[in-house]
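Two complexes, one shared chain (chain A), two partners (chain B, chain C).
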Partner chain A sequence: MPAEPPIEVPVRLSEAYSLLAGGPLVPIAGGTDIMVRITGELGPVPERMLDLSRLDELEGISLEDGSLALGARTTYTELRRSTLCREHAPALVEAAATIGAAQIQNRGTLGGNIANASPAGDTLPVLLAMDADIEVGGHRGERRVPAAGFFPGYRQTALAPDELILRIRIPLAAGRVTRFRKVGTRRAQAISKVVMAVSWRAHGPSAGWSDVRVALGSVAATPIRAAAAEAALEGARPSPETADAAAEALADELTPIDDVRSTGDYRRMVAARILHRIVRDAGGW
Partner chain B sequence: MTAIRFLVNGSPVEVDVPGMRRLLDVLREDLGLTGTKEGCGEGECGACSVLLDGQVVDSCLVPMSQVDGRIVRTVEGLALAARERGTLDTLQEAFLELGAAQCGICTPGMLMAARAYLDAGGGPDHDAIREGIAGNLCRCTGYQKIVEAIAAVAAGDVA
Partner chain C sequence: MTTRTLPRPITAPERSAADALVVAPGGTTRGRARGYPLRREGPAKLTGAAKYADDLVFPGAWYGATIRSTQARAKLVAIELDPDLDWSKVVVVTAADIPGENLVAAIKEDQPVLVPVGGEIRHHAEPVALIAAPDRETIRRLRAGIRLVTEALPPVFDPERSDHVFAEYEVQNGDLEVGFGAAAHVVEGEYRVGHQEQLYIENNAMIAVPGEDGGMAVHGSLQCPYYVHRALRKTLGLTAGQARVVQAETGGGFGGKEEYPSIIALHAALLARKAGRPVRMIYDRHEDIAATTKRHPAIIRHRTAVAADGTLLAQDIEIVMDGGAYCTLTPVVLSRGALHSGGPYRCPNVRIRARATRTNTPPNGAFRGFGAPQVEFAVETHLNRIAERLGLSPAELRRRNAYELGDTTPTGQVLRESVAAQEVLRLAVEAGDFELLRSATARAAAERLGSGEVPGGPFRSGGARTAPGIGLAMGWHGAGFTGSGEVHIGSVASVELTADGRVRVLIASTEMGQGTTTIFPLMVSGELGLPAQAVEMAPVDTAIVPDSGPTVASRTAMVVGGLCIEAARRLRAEVEARNDGRPFAEVYLADAAAHGPTRIDQRFEPYPDIDFDDTTYQGDAYPAFGWAACVATVDVDLDTGEVAVRDVVAVDDVGRVIHPILCEGQVEGGTLQAVGYATIEEIKLQDGRYLNDRLATYLIPTALDAPRLRTILVEAPFSGAPHGAKGVGELPMDVGAPAVVAAIHDAVGVWITELPATPERILAALEGPRGTQEPAA
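Then we have the complex of A and B:
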């Protein structure tokens, strides 16, 4: 039988903050990442747990202050069903649909994807591409951290040990388009070999792009933005020359590793081709 | 240890177990409902699929602290409604008729995922069915007969 570490089940956020102030606890929401750790096969078993499932404060999807606000406990299934998400963050809906399958989507949460901080976390490039903020809180107060600065190192986050992820805020931007693409071994239940989200703003199909974001997962120790590819696209129209230049810039700046799921060479080539295809589709040529 | 109360296949139960015990272990070890199988124990294979408040979940990934006050349905409960008529659930009938089971280890989970798919209004389209059961691995059948059995129920071809 797996280990059964003690678990606290607060019913209010303030109670959760007090518990966290008293010492380290491993939060659990949908459990799709954490429950695998209680077997001990993947490293040390958490000593004490904090069940987030009764905290209503972490639920809900709404529009607030020009942003789409998503509670940390929003599941992938809820993302997929949300009209607000489909309208304002369709790329996030697409990403959610590629994670696991029904069993995982019904349980896994957006906050959990962030807290787990896997370089292959499929929603993370979308959050980076859409300039999302992560709102975190604890007994010392609440603060917002840009998604692009939330992952300082391999499987590390900007969270202090006594903080929780509360909600994710995606600013609404007029004219912004975001595209998502994941490449894995199969369509369901696959961990990404390469996952990418690209966003930009343009006034019409032949206009120049602005505010370009190219974000990737599974090609570095953390989810990353690709600065050279972004520079190649910024201000440019989605022409064949632009696509070639951006794809080449991306291939040049990525240094992915070989591992059990893919090779560095494959990842670099595929990432460049995905970006090329996204630009081509946008240009309609 | 905490008293955790919930409904299993329509009957109220109370167990006194650690909050981090897996729902899978409570079903099999504490309640003797061994229809639910453990395959991988890490949410990859779907053998332990059950319905939690009507949604299909991997019971190996659900801590008991999150089951308090909720409704669990396992493969043992699948035929409950049909039992008064002396039959199985139409899905079970379809699996039997169309040869959708071989070794059987995936079958309980496959049935529960299919039940969730149909209860959510899923139709006979094979691609949609394949997405519905994408979280359930079968190493025997090649899936074709499973998909056909679910499609037959969705299309109303099984009484």
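Then we have the complex of A and C:
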């Protein structure tokens, strides 16, 4: 193993901001993705690193201004154990429970899942489906970026080199239901072949759904929202016809690829069926 | 349980299946395995005290690394070192540094230790040069400065298009024309299986330590000390005394540490020789998966003639195995594959044609089952399809055809004893509630179809989420080496009463987690009338132990165990004879003090009346066979094609159970490995390179993927071995996969004829044109 890269250990956010202003640093929190890169086998080793472990500002789960706020350093285990998360974002809890092994869940963080920007990141479709905002900051100030706009390209984020992810805000919405489904090669410790989160607001048995979000991972270069499937469901009730239309629309708009984990055909078909199943379950038919 | 015809000297207390397993103070088990010793190497492994190769410290040792090809086939024109780097602090080894033959000792000796300049690179990740340095950072920096100049050559990846044949066999019995002429049905099928990685927990690791006498000691993770010993002698030009091989604690092998450790040992030794100091060659997981051997992929074609009542009339079988770039053990793997390819069934007219060819992919080699899991997947799936065609229960079809005492195999071997095919079948069908559950799954399928809701297209979910299925398979596994292998090797095992009154077993058979060091004291102590803990195991070091052959072919308990029992009997007789016939246990301490050490070296003698002709492939292919049957139940997710294997009943006849807990552990582990083979374990290749050569991408079942496993052990003893054992390591690996694939068919109605039966293949079969999966007319 190569020598460890030099690492800065700020104890305050302002200190972290000035360090980042001084040149590129690779932040490390749980390290579950970075420590794989540090062997140098999978590409260049980070040259300088920024340890986030002392920054209390990145911790905590709370309800603020009508949204669930999650510090970037919130681990998957903390997500799973949080009553606030279970109440307001159960799909996120479900997603966290599918990531890696217990050891990974103890170390890995929500901010890290976002920063790593893998198209297979299992929490990311949930954040997209729940209209989460990613709050980022640096010496030039702080800003919010919608999760749906946070991943401009393959393994890219909207973060500037001198910015950090601070927290994730999930707006609370009355009547919102979010469903999560992951399909991997095995029942635990598997990277997704298809991962999906679907969210909608229900307004009683006779009214149609509103604010429908269909978000997917592992079917494109980035986590994506499926606009045509959303349009097919928006304003509709979860009937067999709606489910058929949404599944067909989703299958039409997806162009997943063959890779080491699965095939494009399989991903497309299974994504459509999972969406169909979610609508079917919601409709109770 | 089958009638036992042999005395039972092994301490075998009565046990009750209802008792829980409890560990008692004093290192023995209570309850289910009351009185049996705990695993001897267990405490050291549990406490972290066990020393695996990478835990061994040799002062002044350097680290070694291997420079590998990045092409599937090319001419090696030159090896260039970047002149701007400082090479004075490291050693670099190429083929030019090899003092003896640049060949890895094996069957055909076609594999170079390192590709020489002017030679041909035959596969991706082939070793070309070696580098050693005091630290890994220096290696990382400098290895990038070693440039291979090559000229690409056209590679061959399709084993059926390769014109280089490693081995070819033909087995003939009866007359195919007669069989097909009388057929009521002729069923054809083609089956394919891919690579499988052994995935032992500990990666390959070797440390070479040069001696002052020009000799070389190698410490490492390995199955076969004397294979490595021979490789050192041949390639380094050492005498037997100058080469020494010591087994470190070994974290699993499964065949994957049968032949490849020789190459790693040679690499470490070549570097150590040039550096004049110990060199550590420790693979990481990526290198281990990318470069070392896998289970052979195969294409197997069956054409079978069946009478109206299901009696097999003729089997015409063709096998093509992909050997990879070098021969390794391919001829022997193919041979076992050919000999098992008809399954455990009586058939008067058989032709088996088998060949293995060379491709420009990393060499394939030994892996638990050794050619049998491939062909038994094919024949069992084929039989299940025949049962479907005839409208017979798969169990009934097997009952009508499975071997019985006195039947003859395709090589003309008359099964004179130890035939438990019908019994394992009956027990599996009963314990697995096969017929009852099969009618229940059929009802579930009928209800799904009768619900009126027919899936309207590939993108629509149906009323049911999952479909249950149940499947049956059976199998056989030739015990020990094929043909005259054991006679050629002439193994020696020793039992010694030392001068200071210790009893110890000297064998080269290795412990790699399967229980060697636990069962040998059990077998030997039973003969001597001593408690098991009174018998020691000598360290596996070629300077100490005789060549009792490789730890392969499920031969350790059967063959080497038999030798040790004979040696113990002779030791007992000798000691008792000179002590007025008083029992060994009472006199051995005084005897040792009075007479000094007594050592019995027991050499293998051919089993009586077992005879095989390697040239005609006629005769007794194996001294005996183990028999197995397996019932698996699955749930197939109808949206995703995901398969959850719920329950497996595994019935295995091992001849003689020596340690029930360890024996069941072998069956459970082998069955789970077969479930992985059936469902998810897959190597994907691109231009001859393994794409999924990491643990993140090569997946095996986790605890959550493991079915509930129920094991039933059957004892149909083999009279050629003093204790009757036939081996257990490989047998369960042969039958799990076809049972799971049959259960998938029972659930969703499609035959998956290519392993693994991934959700991708299942959905493609369900959505594909219906006729293609049906048996041909």
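Definition applied: the second predicted complex is superposed on the first by the 281 of 285 C-alpha atoms of A that agree within 3 Å, B and C clash if a C-alpha of one lies under 4 Å from a C-alpha of the other, contacts with A are read in each partner's own complex, and residues count from 1 in each chain.
One rule holds in what follows: a residue touches a chain if its C-beta (ideal position, glycine included) is under 8 Å from a C-beta of that chain, and two chains touch if they have at least 3 such contacts.
Values in this document were obtained by computation on a predicted structure and should not be read as measured data.
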Which of chain B and chain C A:113 touches, first, second, both or neither: neither
A:157 touches, of chain B and chain C: first, second, both or neither? neither
Which of chain B and chain C A:199 touches, first, second, both or neither: neither
First, second, both or neither for A:265, with chain B first and chain C second: second
Touching partner for A:277 - first (chain B), second (chain C), both, neither: second
Partner chain in contact with A:74 - chain B first, chain C second, else both or neither: neither
Touched partner set for A:187, first chain B, second chain C, both or neither: both
Chain B and chain C footprints on chain A, overlapping residues: 1-3, 187-189
Chain C to chain A touching residues, read off their complex: 136-137, 140, 286, 456-461, 465, 639-642, 644, 680, 684, 691-692, 696-697, 699, 701-705, 759-760, 763-764, 767
Complex interface listing, chain A residues touching chain B: 1-7, 9, 28, 30-32, 35-36, 38-39, 49, 51, 53, 77, 100-104, 106-107, 187-189
Sites on chain B touched by chain A in the complex: 18-22, 25, 29, 41-44, 46, 49, 52, 55-58, 60-63, 65-66, 113, 116-117, 131-136
Touching residues on chain A, where the partner in the complex is chain C: 1-3, 40-41, 183, 185-191, 243-244, 247-248, 250-251, 260-263, 265-266, 269-270, 272-274, 276-277, 280
